[in-house]
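Both of the next two complexes hold chain A, though its partner changes from chain B to chain C.
And now, the complex of A and B:
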C-alpha cells in the first residue's frame, strides 16, 4: 500500500535553487528523456537523490505501518480461509516494506536511519493509515479500496526513472493483485449478504470515503509540485489525475452492488470526463499529516514497541566485525 | 498499549538511545545479494537483497522474502561486499559488442555461393 507524497512550498523553492554540474545534468536528463533507467552507481543530481530517498522511504514506512490496522484483525478473522488470506496479505505488506527499504538503501540512507526517522516522526507515512479499522467490514474496504488506490499509484510509479525502485514496484504490483482480489471478495460477500452485513460494509465505506479522497494528496490547484519531479520521472501523474483514475475504476464497482458513497455531489462530468465531488476537508488532512489523527500515536507506539522488543535479539546476533555495505540493486 | 515490557531481558536493556535516535555502533547487519533458482537446471537469478547477521539467517530471510510465491528450487545468498562489478560509468567498454556480427551465425551466408556453384556445375 502507499499514499502519495507532497512537498511544502518552501521545499519546492529550495529544490529549484540547487546547482548541479550543468554538463552532467544535461546528459542525465537526456537519458531519462530517452526512457533509460538510472542505476545506483550513476551520477545523479543532488535533488534527484534527495527526493527519491524521501519518496521511497515514505512508501516503505507506509507498507509497514499499513500492515498494523490489518494485523490486529488476524486473530479476529471470521473463518479459517479469511484468516489465511489476511496473514498472507499482511506478510506481503511487510515484505513490500523490506523491498522498498532495500531500494532506498541503494541511494545511501541506511535501513536503521530510516527506522529511526519513522520513530522520531521525521519521516512520514501515508495518512490513510492513521484511521482506525473498527469492524471486519473495514478489512473489506481497506483490502479492496485502499489497496486499489495504492495500486493506481504504484503502477504509475513503476514507470519511473530509478531502476531499483521500478523493480521493487513491479514485484509489489504483482503481489498487490492478490490483495485487491481478496479485498473485493470480502467486499462483495458482505455487500450481497444479510441486511446487517450490508449495513456494516456501507458504514465502513462512509468512514473511508474522505481518507480515500485524501489519499492522493492535495488538489493540483493548491499543491506545489516541482517541474523537476515530472521531468526526472520521479512523479509521473498529478494528484488529481490519479484520484480521477481511481474514481473511474472503483466507483462503478461500489455502485454495482447497490452501495453508495456519502457525497451527493459525486458524479462524473461527461463533458470533461472528470469526476466531481465535494471538496474533502483539507484542514483535516493537514492536521492528520502533522500528527493529530485518530491513530497516529497508536501506530508509532506499536512500531516502537516492536523495535524495543526485538532489539535484544538483533543485538545478540550482531557480529562486531560486521560492516555495513550499500547493496547493489 | 504499554511500552513497558514484562520480559526482564528487555527491561534490563538501556533503551534511552532509541528515543534520542542514536544508533549504537555495530548495529548493522550484513547485506546479502539474493539469487533465486526456480527449477532444477535453471539459472539462479538475482532478485534482491536481505540484511542478516549470518549466511544461515540470510537464507531464512530470503526464503520468506523471495520464495513466498511460485516455485523455488533453491536460493543463494552472497555478501554484497564480495560482489565485484565495473564502475557504472564504464558502461561504454561494452558498447561495440553488438556490432561484432561476425560472432553471430546470421553473419555467415553461404547459400548464394552454393547456388552459384551448383548452377555453374550442373
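And now, the complex of A and C:
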C-alpha cells in the first residue's frame, strides 16, 4: 500500500540545478518518449536515479510499516476465515516490501541503508500508517479503502518508465486485488450486520475519511510540480487526478451499503466532473508527515525494536568472504 | 479419539497464533514471511481438525470450538503457550515441535480412522517444509558466530524439557491404541528423542543431560501456564463485542 510521492519546494529547486550530459539526456528522454523501459545498467540522469530511489524506497517502507497496524489485529481476528485471510494479506505486504527493496537495490542503495534511513527519519513512508487501527472495523476500512486507494496509485505507477519498479508493481497490483476483495467482503459484512457491527464500521469510516483524502498528497494548487518527474514517467498523474479517480470509484460503493461519509460538502460537480469536498486540513497533513502524528513514534519504535532484536541473527549470517552484489533485475 | 484430535487441534491453533505474532517484527523480512506462512499452515491444520471433530464426531462448529471455549477446556501442551520471546526461543521451539508434528502425522498415516489418514497425507507434505526451514536455521545459527551458537544452545537447554509436554498422555490413550487410531505418545516420543539427538549432534550442540519435565505437564488435562488465558482473551476479543453476531 502506498500513497503518492511529492516534493518540497527546496527539493524541487535542487533537482533543477543538476547538470547531465546533454546528448545522453536527449537520447534517454527519447527512449522514454517511445515508451521504452529503462533497465538497471542503462545510463540515466542523476536526478532520475535519485527520485526513483526516493519513491521506491518510500513505497517499500510503506509496505512494511503498513503491515504493523493490521498486524496487531491478526491475533484478534474473529474466526478461522478472517484470521487466515488477514495473516495472508499482511504477509503479502511484507513480501511487497521485500520485492520493492530489491527493485530499489538495482539503483545502488542497499536494503540495510534504506532501513537505516527509515529509522533515522531521513526517508518517509505513507502518511496514512501514522493513524491507529482502533477496532476490528478498521481492518475492513483499511483493507477496502486504503488498499483501494493504493491500487489507484500503483496501477498508474506501473505504467512508469523504470523496468524493475514496473514489474514489481504489476505483481503487487495482482495481489492487491485479492486484498481489496478481502477488505470489501469484511466491509460489506459489517455494514450489513448487527447494529453494533454497523456502528463500528461507520465510526471507523468517519475516522479514516480525512487520512484517505490526504493519501494522494497535497492539492495540485499548492504542491510543487516537477515537469521532469512527469516527463521521465516517474510520476504519471497529479495528486488531484488520482484523488478524484479514487472518489469516483469508491464513494458510490460506500453509499451503496448505506454508510455515510462525514462531509456535507462531498459531492460530484457534474459540470467539471470533479469531486468537491471540505478542506481536509492540510496543516494536519504536514504535521503528521513531519513526525507529529498519532502513531509516528510508535511505528518507528516497533521497527527499531525489530531491527535491534534481530541484529544478532543477521550478524550470524554474515560470511566475511561474501561481497555485496547489486541485484540486476 | 476425540481427545487426541482436540489436543492436536489446540496445539496447532495456539502455536499458529504465537508464530503469527512474528508478522512484521522478524529479524529479516524473509523470516516475517516464513513464520507468517507457517502459522497459516498451522491454523489451517487446526481448522481441519476441528472440522473432523464437528463433521465426524459430533463436536461443535470449528469457530465455536476455537473461539468460544474456556481456558480449562483447552488441552494444548505448555510448549505452545509460551510467548514468542526472541528469535532463538521461537526457532528452537519450532524445530522441536515440527519434528514431533512430522512424526505424529507420519504415524497417523497408519491410523484406522480414515479422516485422520487423509488429513495426515496432506499435512505431512506441508510440515516437511517447516522441518526444512527449522533445520536450515538451526544449522546456520548453531554454526554462525559465538553469540548465535551460545544463544541457540541456551534456548535448547530451556525449551527441550518443555517440549516433552507434547507427549503427555491422556486418560483414554489405551483405547486409542487398541482401536489402532494412534500408536501412542510413548512410541512417538522415542522416535522424536532419537531424531532430535541426531540432529543436535550434527549441529554441534548438546542435549541437556538431566531432564525433568514434570513441571511442564498438565496441559492435556486443562492445567495451563499463565500465558494461555491472556492469549485466549486476545484471540476472542472481537467475538466478545457481539457474541451473537457472525463475523
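By definition in this document, the second predicted complex is superposed on the first by the 329 of 329 C-alpha atoms of A that agree within 3 Å, B and C clash if a C-alpha of one lies under 4 Å from a C-alpha of the other, contacts with A are read in each partner's own complex, and residues count from 1 in each chain.
Simple rule for what comes next: contacts are C-beta pairs under 8 Å (C-beta built on N, C-alpha and C of every residue); 3 or more make two chains touch, one makes a residue touch a chain.
Note that this is a predicted model, so its numbers are computed, not measured.
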Following the superposition defined at the top, how do chain B and chain C come out on chain A, clash or fit? fit
Touching A:197 in the superposition: chain B (first), chain C (second), both, neither? second
Angle at chain A between chain B and chain C: what is it in degrees to the nearest 10, using CA centres? 70
So, does A:42 touch the first partner chain B, the second partner chain C, both, or neither? first
With the two structures laid over each other on chain A, which partner does A:102 touch: chain B (first), chain C (second), both, or neither? first
So, does A:87 touch the first partner chain B, the second partner chain C, both, or neither? second
With the two complexes superposed on chain A, say which partner A:110 touches: chain B (first), chain C (second), both, or neither. first
Which of the two partners, first being chain B and second being chain C, lies in contact with A:251: first, second, both, or neither? neither
A:304 contacts which: chain B (first), chain C (second), both, neither? first
Contact-wise, after the overlay, does A:156 reach chain B, chain C, both or neither (first, second, both, neither)? neither
Once both complexes sit on top of each other, what is the least C-alpha distance from chain B to chain C, rounded to whole angstrom? 5
What residues on chain A does chain C touch that chain B touches too? 88, 91, 95, 98, 302, 305, 309, 311-312, 314-315, 317
What does chain A use to touch chain C in their complex? 64, 67-68, 71, 74-80, 82-84, 87-88, 90-91, 94-95, 97-98, 101, 136, 189, 193-194, 196-197, 200, 302, 305-306, 309-317
Which residues of chain B touch chain A in the complex? 1, 3, 5, 7, 9-10, 13, 15, 18, 21, 23-24, 26-31, 33, 46, 48-51, 53-54, 57, 64-65, 68-69, 79-81, 83, 85, 87-89
Under the touch definition given earlier, write down the residues of chain C that touch chain A in their complex. 17, 20-21, 23-33, 36-37, 39-40, 43-44, 46-47, 62-63, 66-67, 86-87, 140-141, 144-145, 147-148, 151, 231, 234-239, 241-242, 244-247
Spell out the part of chain A that touches chain B in their complex, as residue ranges. 39-43, 88, 91-92, 95, 98-99, 102, 105, 110-113, 116-117, 119-120, 167-168, 171, 175, 298, 301-302, 304-305, 307-309, 311-312, 314-315, 317-320, 322-329
